[in-house]
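In the two assemblies presented below, chain A is common to both, partnered first by chain B and then by chain C.
Right after this comes the complex of A and B.
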């Protein structure tokens, strides 16, 4: 298993290199007049030219990328061109926010989706139809509408949670919960819908297998068959779709972050990409690519733990 | 194993929901006897280094930690601040400032004239977009501990006003070489930035400076400025009572804001309209003819545009100078009335009876409706518009210059500052460097004249610019700053965001 982990980490490093190279090239091509954007409309052309030279924007692509890469491998990701903040500080402070809501949403989605999916598959009939209807509804209602509805009811009218802003967990646990609950729910609903469908399908599939009939014929109770045997087999595809949801939510959280004015990665990514803040965008690309590599590795390990038939080869 | 995981997750979810229900609902002031002022801004500072600073909507972030040399008041006057006194020599080229001797920075360094001089020179050589304000500064000296002497190459009637803004910010000299100067400011201002509680770009927390020299303007123990870039988030923060004052990005939801029990404090700082940048006809020869420029002014139904685009929140105008300026003339607000027939006549006289085609940039940020309405009204007088969307390079392309005309919102500064911003041959928003001997003479008269002459000539200049149709302004837009029932504020006539000192708890 160790060699498997080492190989996956090495291929992850290659992936990081390829992704950052492509990202840098794309930013270079679509960059436009970054110095003007930094200095704003009041700045003279001379000031703009001086700023461009200071940032090295007048150098060729390979030279700029080489400079960034040689610093990045030493752990120095530089400073934001717009805020002057260290990229490592800017990205990590926002990572905590986005991970708070994405991990929360994925955990809630996992629990609720498994319950609903198993219920629908095992009970069938009316229960199945109701669960399927709820899933379709979850798919159909856009996340931002759910977010706006939640804000209106729970933050503005009932004043139970915060409508805007983020409170770090280290500052105030209650405040943190008040600030992340609504975004977590808004994000979780879409994920619940898709994971429920996956779990339901996998469980239905597993229930029709021969080994289930054999287990039942040996007199095992229905609950034991489902939770001890069926779920182990159905869990693999569910975990895979959960991983996809996790990665999707990392990027998809941007609208929810915008509505709740949360200082997350998505908001930073949109701002920095629009501005052409290359150091920050590169820091974000590195961080998200790294998370994706790690999440995929963890999911593979979890799959193996769940089902011994899955070999780590 | 799986059951254990599911159970643990279920417990976590229940705990989250239960504790969340007992969580705080938010709110601006209060909490253990201390007072907190929570503000919403629409943009964050790019850096805390005064040499790269900006003003306008970014002013409160700087004002909280730094003092300026002079103070701009809501009444429109300039008052002493770090500088207690100032005087010009006879030809207005040497400005002498007297600096307070009882001020210390938050790192306990003392303020003196030499520190002020270093700050002024750093700004001149810095990367602030406003560094050009100091182009005329030839030298800055500190002959003694409380005297600063600034020598200008030529009189600059806006110079004192500059010292109330970003060029007048003073930082501790110990921070100049710090690698963290962009994020960890050290000033002498009423508050100190709490870097641990601050998320750059989103939320800035400040605590009261216990050793502040001017406690009369410290009305709160803590200050939080949240960046609410999204209009929906601003409105939600207002409705949920999560701030005490919020700068509104537009006037779309004023009814809802007032419905939530908030007060809308208004001023007029920007005009919106068509900039006739290529008035010298460099790339669009038609614009060199004053009749074409006048025709463009007659083509617009300003009242209709104001209603359609700003729900009537503003004042129609045909002049670029603001109501607070010496140059302002109320008659020039309706110098050009909506008269499409007259516009067509003028175009025909100028030899464009068959119309002409104008190239213009468009930007989603300024609203799609705006461009549609402009195009319709110009089409009605026979002028076709070809739009190009330069995306992020809108301003860069405008100033390159790549377009002869453009719709734009521009800040209306005090007279000389406005002239340097959009009228002088070297002005940023005169990218084709258009010149006119009458305008040149009037500018010289303003620059070298006494106060009475400056006011008289500014009025003359304003009228001449309107008659010559250098611009086609539509209206002055209402700037709106909302405050909750517990807070009062006085807006500034010259800045988008009120001064930090002017917020007070009500009652």
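Right after this comes the complex of A and C.
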């Protein structure tokens, strides 16, 4: 078990290295005249060249990347070229916002999807068709359209929630809930749709297994068999799709944060990529890739806990 | 407004198609090469796929926009790259599955070149799922593209749905209707593409599932010519005991998707007395397993008893609800399945699968149930009960698994044990041991046993009486010895001839039975 975790962490580290290398190379190639952009159109040629030298932009790619990397492994991600803020501070404060809505959406999606998926698989018939239809709709309608609809109905017409802005949980719990509810719903709907389909599929599959019949032949009620045995067996594939959803929602959060004006990673990503603020972009890439690696590891561990056959492999 | 929407439609869809084409080319070609040739290309591309899938797409698109400038076409091409793993995995899985199929080997042996094999045999397998996936991905591409445009990150010189939506959003307080048309266009396009993909998949699955069902032989033709059942007079030894299970005129049918009913059991009578071992013999598809499942109330979905009665010690089981069956299953009727491995839940230890029913059915405490389970595991001949108790199903052999299942079946002291081909899936050497175990337990617990089998050797070994089933009907029934010596129905005779050819001497039956009686 321990060697499994170590192996996965090592391969995660390799993944982080490759992703940051590729990202750095791409940013370098397409960076354009960043020094000029920082200083503005009126700066003199000499000032621009001096700024470029100060940022190390005049050095070759591998030297720049090497410098970034050697600092990054010590936890120093540098400062933003534009605001001068520490990247680690800027990114982590934004990360808290994004993670709170993404994790909220994933948890809600998991609970609702398991209920709907099991219901559809066990009841079949009309219930199944209704659930399937709803989840197809939820899957097909782009998340940002749902977000727009939510803003229009609940924030602008009914005035139940604030349309924009963010209240940190540390300042006001009620205000925090009011500010994240709509974004979480907007993100969760698409995830609910996909995960429901997966849960339904794997429950239908697990229900048809021989051991279900044998356990029932021993006198166990079908409810007990479904909630203890079928759910545990169907849990693996459902967790896998949940991990995929998590990664997808990190991306989806970019658009949703923009609509609800939440100060999350997405906003930062839009700003810094348009400016060409390489330290910030690298910090973002590193943070998202790191989260993805950790989430995948956690999901794998959860799967191993669910199914002994997966263990140690 | 309308003209702008129409112009936007062209560009939005064309750009989405760019994404799909890029994804298709990369994914399908990569999947074919990696799946067909394997080797280093396989490892590298699988690793790359994992890498690409681990990236949040929008972040990459944002970064790419910063680098390459705002172009719908370019960002959709990059999105195509990001989506290519979807095709890659699909094609890769199909190709590796097909590569080692016999007909592909045959094609290779007969001198077809790789390119031709790929196009003829492999592309035809992946064609349908690839088309479905394309529809899905077109929808996703449109969603992502309009999302980016909506953020104002698109190419402002080209009208697209997303940029129209963005304009509308800016005026959301004054003119919310401005958002309506582009929203409708995006939403409806995505929904119809997804529905199209789903419809295609459903159509595909339906053809596959009917094909499979036919292969399994569940759909039977007309019943055999319904002649009178050949009944043999009971001899003195077999006739004793009260009737425990009495089946009369049992019909079992499966509802078909088109509303019709396919009958697999066409009206059979069956009596099992207390303490009797009754063989139900016939070839696969003759309806014997369906009969057994009817008694347990565990017919696969769609199947039901359409006519007749199943009287079990005064309880009517035909058409009974789940509540009636729950009082009977485990405690009074138990079941030993055919395939040992698939009948144990791989996610739970063997011990917990034995203990759970005893707690529920017999109301034992966990400690009592554990003690009883350990005793049963020892009783069925497992050398190290404690170790087996703590093992997971994949850690024991098939023969051991069957012993575990037998222990589970007798754990609540049933009156009737239904064993469905209990030795068919086992090694020949293990088969005899398991049959011995069943015989001993049957005598020890005083159970009646319904032994479903296709093997007259097993019947000769174990049974008191036998019913011969063919095409959903019982054609001959009576004491084993009488049927062995004077089989009258031609089908019974042909089954008997089959074991005589295997060299089983008929003489042993009489002498062995004498000893055991």
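Definition applied: the second predicted complex is superposed on the first by the 306 of 313 C-alpha atoms of A that agree within 3 Å, B and C clash if a C-alpha of one lies under 4 Å from a C-alpha of the other, contacts with A are read in each partner's own complex, and residues count from 1 in each chain.
Quick note on the criterion: a residue touches a chain if its C-beta (ideal position, glycine included) is under 8 Å from a C-beta of that chain, and two chains touch if they have at least 3 such contacts.
All values reported here derive from a predicted model rather than from experimental measurement.
Looking at the shared chain after the overlay, A:56 reaches neither chain B nor chain C. Within the superposed three-chain model, A:232 lies in touch with chain B and with chain C [touch as defined at top].
When the two structures are aligned on the shared chain, A:137 is found in touch with chain C, with no touch to chain B. In the overlay built on the shared chain, the residue A:276 is in contact with chain B and with chain C.
Legend: residue contacts after superposition of the two complexes on their common chain; A:156 is shown touching both chain B and chain C.
Within the superposed three-chain model, A:148 lies in touch with chain B and with chain C [touch as defined at top]. Once the two complexes are laid over each other on the shared chain, residue contacts for A:67 go to neither chain B nor chain C.
Judged by the touch definition given at the top, the superposed model places A:84 against chain B, while chain C stays out of reach.
In the superposition on chain A, A:306 makes contact with both chain B and chain C.
Common to the chain B-facing and chain C-facing surfaces of chain A are residues 148, 151, 156, 232, 258-259, 274-276, 306. Residue ranges on chain A touching chain C, taken from their complex, read 15, 18-19, 23, 26-27, 29-31, 124, 136-137, 139-145, 148-149, 151-152, 156, 208-211, 213-222, 224, 228-229, 232-233, 244, 247-248, 250-252, 254-255, 258-259, 266, 269-270, 273-276, 281, 284-285, 288-289, 292-293, 296, 306-309. The touching residues of chain B, when paired with chain A in their complex, are 1-3, 6, 9-10, 12-13, 16-17, 19-26, 44-49, 52, 54, 127-132, 181-183, 197, 199-203, 226-230, 232-233, 236-237, 239-242, 391-393, 395-396, 399, 421, 428-429. Chain contact summary for the complex, chain C toward chain A: residues 51, 53-59, 62-68, 139, 142-144, 146-147, 150-151, 153, 165, 169, 172-173, 176, 179, 183, 186-187, 190-191, 193-195, 198, 296, 298, 300-301, 322, 326, 329-331, 333-335, 337, 339, 342-348, 353, 356-357, 360-361, 392, 394, 405, 408-409, 411-412.
The part of chain A that touches chain B in the complex is made up of residues 32-33, 36-45, 47-48, 50-51, 54, 79-80, 82-86, 89-90, 93-94, 104, 107-108, 110-111, 114, 148, 151, 155-156, 158-166, 171, 173-175, 177-178, 181, 184, 227, 231-232, 235, 258-261, 263, 267-268, 271, 274-276, 305-306.
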